[in-house]
Amino acid sequence: MIIGTENYLAVSLLLFVIGAVGVLARRNLLVVLMSVELMLNGANLAFAAFARARGVLAGDVIVFFVIAVAAAEAAVGLAIVVALFRKRGTVNLDRFTSLHQ
Amino acid sequence: MESVLFWILSVVAVASAVLTVSRSNPLASALSLTVCLVAVAGLFATLSAHFLFIIQLLVYAGAVMVLVIYVIMLLNLKEREMKALGLSGPRVFVSSLVAVFVVALLARAQSGSGGFDPVSPVLDGSARRVAEIIFTSYVYPFEVVSILLLAAVVGVVVLGMKKF
Amino acid sequence: MNPYIPLLAVVAVAFILPVVLLAMSSMLGPKRDEAAKGDPYECGVPQLTPPRDHFPVKYYLVAVLFLLFDVEAVFLYPWAVVYRRLGILGLVEMAVFLTVLFLGLVYVWKRGALEWD
Amino acid sequence: MNPPLVTGDMLRAAIPFILLAAGGTVVSLAGAWRSKRGALFAALFLVLAFWKLFPLLDLEKGIELWDGAVVADRMSAFLGGMLLLSGLFALIVSPPVLRREGRNRAEYYGLILFSLSGMVLFVSTTNLLVLFLALELMSIPLYVLSGYNRGDDRSGEAALKYFLLGSFSSAILLYGAALLFGATGTINMAAMTGGDPLLATAGAFLVLTGFLFKMAAVPFHMWAPDVYDGAPTPITSFMATSVKIATFGALLRIFSLAGGAANPFAHILTGENAAKILPWLAVMTMTLGNVCALTQTNIKRMLAYSSIAHAGYLLLGLIPGSGAVDAKGILYYLFAYLLMTTGAFTVVIALSTRDKGREVTGVERYAGIGFRRPFLGIAMAVFLFSLAGIPPTAGFFGKYLLFSGAVHRGLTPLVVVAVLNSALSVYYYLRPVVVFYMRDTDTPVRVDDALSLRVASLAAVVLLIWFGCLPNIGSLPGVPALLHWVGSAAAALP
Amino acid sequence: MSVETVVPFVMVLIAALLPLSLLPVMIWAERKVSAFIQDRTGPNRAEILGIRLGGVIHAIADVVKLMSKEEMTPARVNRFYFVLGPFLALFVPLVSFAIIPLADSLNLGGTVIPLRAVTLNVGILFVLAVTSFHVYAVVFGAWASNNSFTLLGGLRSAAQMISYELGLGLSVVGTVMVAQSLDLGRIVEHQGGTLLGFLPAWNLFLQPLGFLIFLVCIFAETNRNPFDLTEGESEIVGYHLEYSSMKFAMFFMGEYIAIIGASAVTATLFFGGYQVPYLDTDFLRAHSTGVLRVMLVSMGAICFVLALLYRRYHRRLTALYHDRRRNEARMLGGMMLLMGLAAVVALLFVSPLPEAGGQVVVAAVQMTTLLVKILVVSFFFIWIRWTLPRFRYDQLMGLGWKVLIPLALLNIFLTGALLVFSGRT
């Protein structure tokens, strides 16, 4: 059975959607951060699959840059989480309500 | 042979993605995310994107996840707290609604996307070919990324360092 | 696809060995359960501090800086592969990239993030 | 495979970004050496960037480089100029706040410059990869800056919320970009034609969602009030103005490419059912922004909801209707919005000195300020009148331009809703003015009369009035001159 | 079962079993060399039927002992991660051996068969990816054993390993620039000829600074001597405190296999891998029969010399002991004699080799050179361990960040400048 681009797109879409559900549904900060990584991986997979379907290697170049940028974003995200944790002692999103009015 | 490997890797990737989102213990989520990243790296290999296969392993599974697990270890959440952070009812309902909507929309978009030839490894994504493109036509984004990384370093140190 | 099949073979062999060792040791080793064997080893002193309290955040900063400089190192590999074909301009491109990277290191160094008191 | 040779116009196109990035690096390093004059260095780099940006303004033909990575034309020059202006305001306004809280480190200004360099790049590219990089380069420093007051938990929470929503939206934008790349085979939006219609529309829709998150349009606005309230006030004003300018600037460039029917974004603008999305978004953003602002007692949250409402008015300009996208109206309105919002926040900074650890942002606490500080009172009155769109100010003229353009394009029902919203907004904009002048209290709030705050608010007031109603006097540019610049910038788009 | 499938299968077997076979040798060598350095005799007691082989049997005795000890697991520990730590500690180094090129690729009738387990065109990055996975073992081991001392030990050791991983990554860029490829095979081919006439064209001479940084970082990566603060038994608690018997042994087996892997990578990158110093592959293949004769002659000579030594050793033993230890020398002496005779007989019958046979002989020679280089570098590892004192933690981290990374960046820049201005682009 030949593996077509649709198969790769289906996997990338699933990863993207599972990531989105994780971001919206989970209250643990670290898991939300990981879910964003999942979404980015879904996008990366879609880029690589389309690069093969279209025969344009630019897709691979974008994935390479996206991995680098996602790492920088995760680093800053974790810096924020640790800075907050040091003060509040919790990573539960619901306990961060001092901004609600 | 390729199709068998593709199916195994995709099932592993999706299953570990679901585990990442659903496990209450963040270390278990981190571990299943690492498995998912390695599976996606394998999928890159089946797409003959050899360079991406190794960069995904090196940067994502090798450095980002080490940092995430490191932070989990550092913050080492109390047992009690971990249990309380499971999936919360209403939010799950809302987000699955959104997910279904997005899946329907995009599936419909992609159903029309026939006409793509089967993914024969026509495009050899080896390090040399990708590098040739990066350093000739994408030089500008390459320099922009160095500035972005520097901004991230400054940002992290400003947030991390106590001696202000 | 062919380079990856031997890789899977080596991974399989490397997977079997520790599993075999663990299985053999759990079969061969005696199992005499006893209270004292349960609590964590602290040179005989009963456990003083609860195992899961906070630790200095300094280690975290090293991990984050590692991630950022690792990403910058990753950019060097593709450049090194095509370096000869790029010639002088390749050197200039990377000179800019390396200076920005080095300035990041200088900043972190001067700011004292690398001090281990 | 010969590497690209760096030509003259290549440098001219990339010079604003290079200057800002170099500025960010130098100023951050100065922070490591504990220098106290970070703001001065940063301002120096900004002025240098202004000077280098000026010749680009009258560039008859745009320079496009590296497959659309950098597009230097009059539009990007004008937007760049506005971004630099909002950066300049942030630099002038921040030192007193930071000195008050003893956090006056140069990294703060370095991060502002880095964020600005990201924004300048964001408005001058049609390449998906550079767009994503610019989005990240713009957002990462802002995540850190909104968490800058480590003493106060609200600032940490603001940074957290902004980060989570920001990274979520850039992931959505990236997936949209992947679909666009799949549909059309190229990552340069200027060269995107044809391809599978469904895939292209889905991709365009997701990219648009990413933008809507950034500008806090209604379905994706929940983060804005909390983040604007929690972040340090100078950063709130910088975020409220410059991020909106960058987002609308980039959208203008992308939507102007949608002229050709085969462009993926054409469906969203002109397609039969897809075209209803934007009008509904505009209406919802306007009404919800204004309605929520009514009930706010905290002035920062009120200004946050008002900025959401203004995003709604601007969205009006993006709807082509029978004609094309109203670039001229949007640019002028952005200029007016920049001045009035920054001015309002400057006054809030002067009034919201910290007591007992919390910023004083309750409107009632500002009773009687009109008499104690006449200048601040008048300035705040002008800003709020302009925000409400009351005649003599640039705010009114901006709304007039935007709404008349929309009427010409046959969107009269939308304009009616917009005018009603403006009328509604007059109520909550004038409430602080009433408190300033009509009420008095025996415990007045401590006012920080730092010189730089007064200079900034004076400049904002003068510019607002000047470009609100004065014609060109001799060589001094008045409203017609600004309209000419805005018109020529709008014409630069394809 | 044509040659195309058999050879890769054999290569995978070699890549998997070579580290395991070298493991007891390493354990024995560690004890013997440290004894030699500290002027004592080292292990020589364990014996099977009187055969002591100078103490190699000790290594086997160790494994059996550790296998049969009781597994003590502290209470309230999540068992999965407790077991995952040692599992990863042994699994990860084993994989890193797959991409080492063992000999030049055979071309039999046009089909080129690479003589190595995995031919990845991103070879070096695979090594770096594997070393970064090693940190997981330490992190899981430390966190799962539910003891604050091990947690702190694990944090320290992980921080050390990732800091030096940066230096490792940067120091390798120089060799990639010289050889213009990430594939280890191409890097070794590039180290073929000679440099300035007398030096073999090893990267050691082309990249001296890169080699120095690489060596220091590889020591830190495998937690070896100057950097083994994390399991300094005497003065500080390591991450594997709570482990007993086999799991503890797996951490150490993992470390030794990592040392073998590290010395293999060092040999491949900087000492010309399977390249025989002055004789490159084509020269060897041209004179394959001569090479075979030389091999047989040298083997015969060595065996006879050993036989003589054992005879003399046997006389000394009979004077000293009256138990089974005496017959060890006689047995081994006899065996050596037999092997010597076999070599001489084979020498008489050697006839000019066919094409394929010649290539196989050359491959054998190249594999032995690689093995010798690996053993030399491993010896260097052990030698350093028993001579240098241990770093303090802040010196250790300072060296990693403040000295090695800037030096590595400088090395990259120098190599780049030299390559451009020497006009070899």
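Labels for the chains are A, B, C, D and E, by order of writing; each one numbers its residues from 1.
Note that a contact is a pair of C-beta atoms (placed from the backbone, for glycine too) under 8 Å apart; a residue touches a chain by one contact, two chains touch by 3 or more.
In this text, all values refer to a predicted model and were calculated from it rather than measured experimentally.
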Legend entry - Chains touching both chain A and chain D, listed by label: B, C
Legend entry - Chains contacting each of chain B and chain E, listed by label: C
Inset, instruction - Can you give the shortest number of steps from chain C to chain E, where adjacent chains in the path must touch? - result: 1
Inset, instruction - Just grab the chain with the largest centre-to-centre distance to chain E, centres being mean Cα coordinates. - result: D
Inset, instruction - Among all other chains, pick the one whose mean CA position is farthest from the mean CA position of chain C. - result: D
Inset, instruction - List the centre-to-centre spacing of chain A and chain E in whole Å, with centres computed as mean CA coordinates. - result: 39
Inset, instruction - Could you please state the distance in Å, as a whole number, between where the Cα atoms of chain A are centred and where those of chain C are centred? - result: 21
Legend entry - Gap in Å, rounded to a whole number, between the CA centres of chain B and chain A: 6
Legend entry - Shared interface positions of chain D, touching two or more other chains: 1, 3-4, 25, 28, 31, 129, 133, 136, 140, 143-144, 147, 150, 179, 182
Legend entry - Set of chain C residues in contact with two or more other chains: 3-4, 52, 55, 57, 59-60, 63-64, 66-68, 70-71, 74-75, 77-78, 81, 85-87, 90, 93, 100-101, 103, 107, 111
Inset, instruction - Hunt down the residues of chain B that sit against at least two other chains at once, touch-wise. - result: 2, 46, 48, 50-51, 55, 58-59, 62-64, 66-67, 70-71, 74-76, 106, 110, 113, 121, 127-128, 130, 132, 134-136, 138-139, 141, 145, 147-150, 152, 154-157, 159-160
Inset, instruction - Go through the chains and record each pair that touches. - result: A-B, A-C, A-D, B-C, B-D, B-E, C-D, C-E
Inset, instruction - Over in the complex, which chain E residues touch chain B? Could you list them? - result: 81, 120-122, 125-126, 128-129, 132-133, 135-136, 139, 142-143, 151, 154-155, 158, 162, 181-182
Inset, instruction - Name, in rising order, each residue of chain C that touches chain A in their complex. - result: 57, 60, 64, 67-68, 70-71, 74-75, 78
Inset, instruction - Would you tell me which residues of chain A are touching chain D in their complex? - result: 5, 9, 12, 16, 19-20, 23, 29, 32-33, 36, 39-40, 42-43, 46-47, 49-51, 53-54, 56, 58-59, 61-62, 65-66, 69, 72-73, 76-77, 79-81, 83-84, 87-88, 96, 98-101
Legend entry - For the chain D and chain A complex, residues of the former touching the latter: 128-129, 132-133, 136, 140, 143-144, 147, 150, 153-154, 156-161, 163-164, 167-168, 170-172, 174-175, 177-179, 181-182, 185-187, 226, 229-230, 298, 301
Legend entry - chain D residues within the chain B interface of the complex: 1-4, 14, 17, 21, 24-25, 28, 31, 65-67, 69-70, 103, 105, 107-108, 110-111, 114-115, 117-118, 121, 127, 129-130, 133-134, 136-137, 140-141, 143-144, 147-148, 150, 179, 182-183, 196-199, 201-203, 205
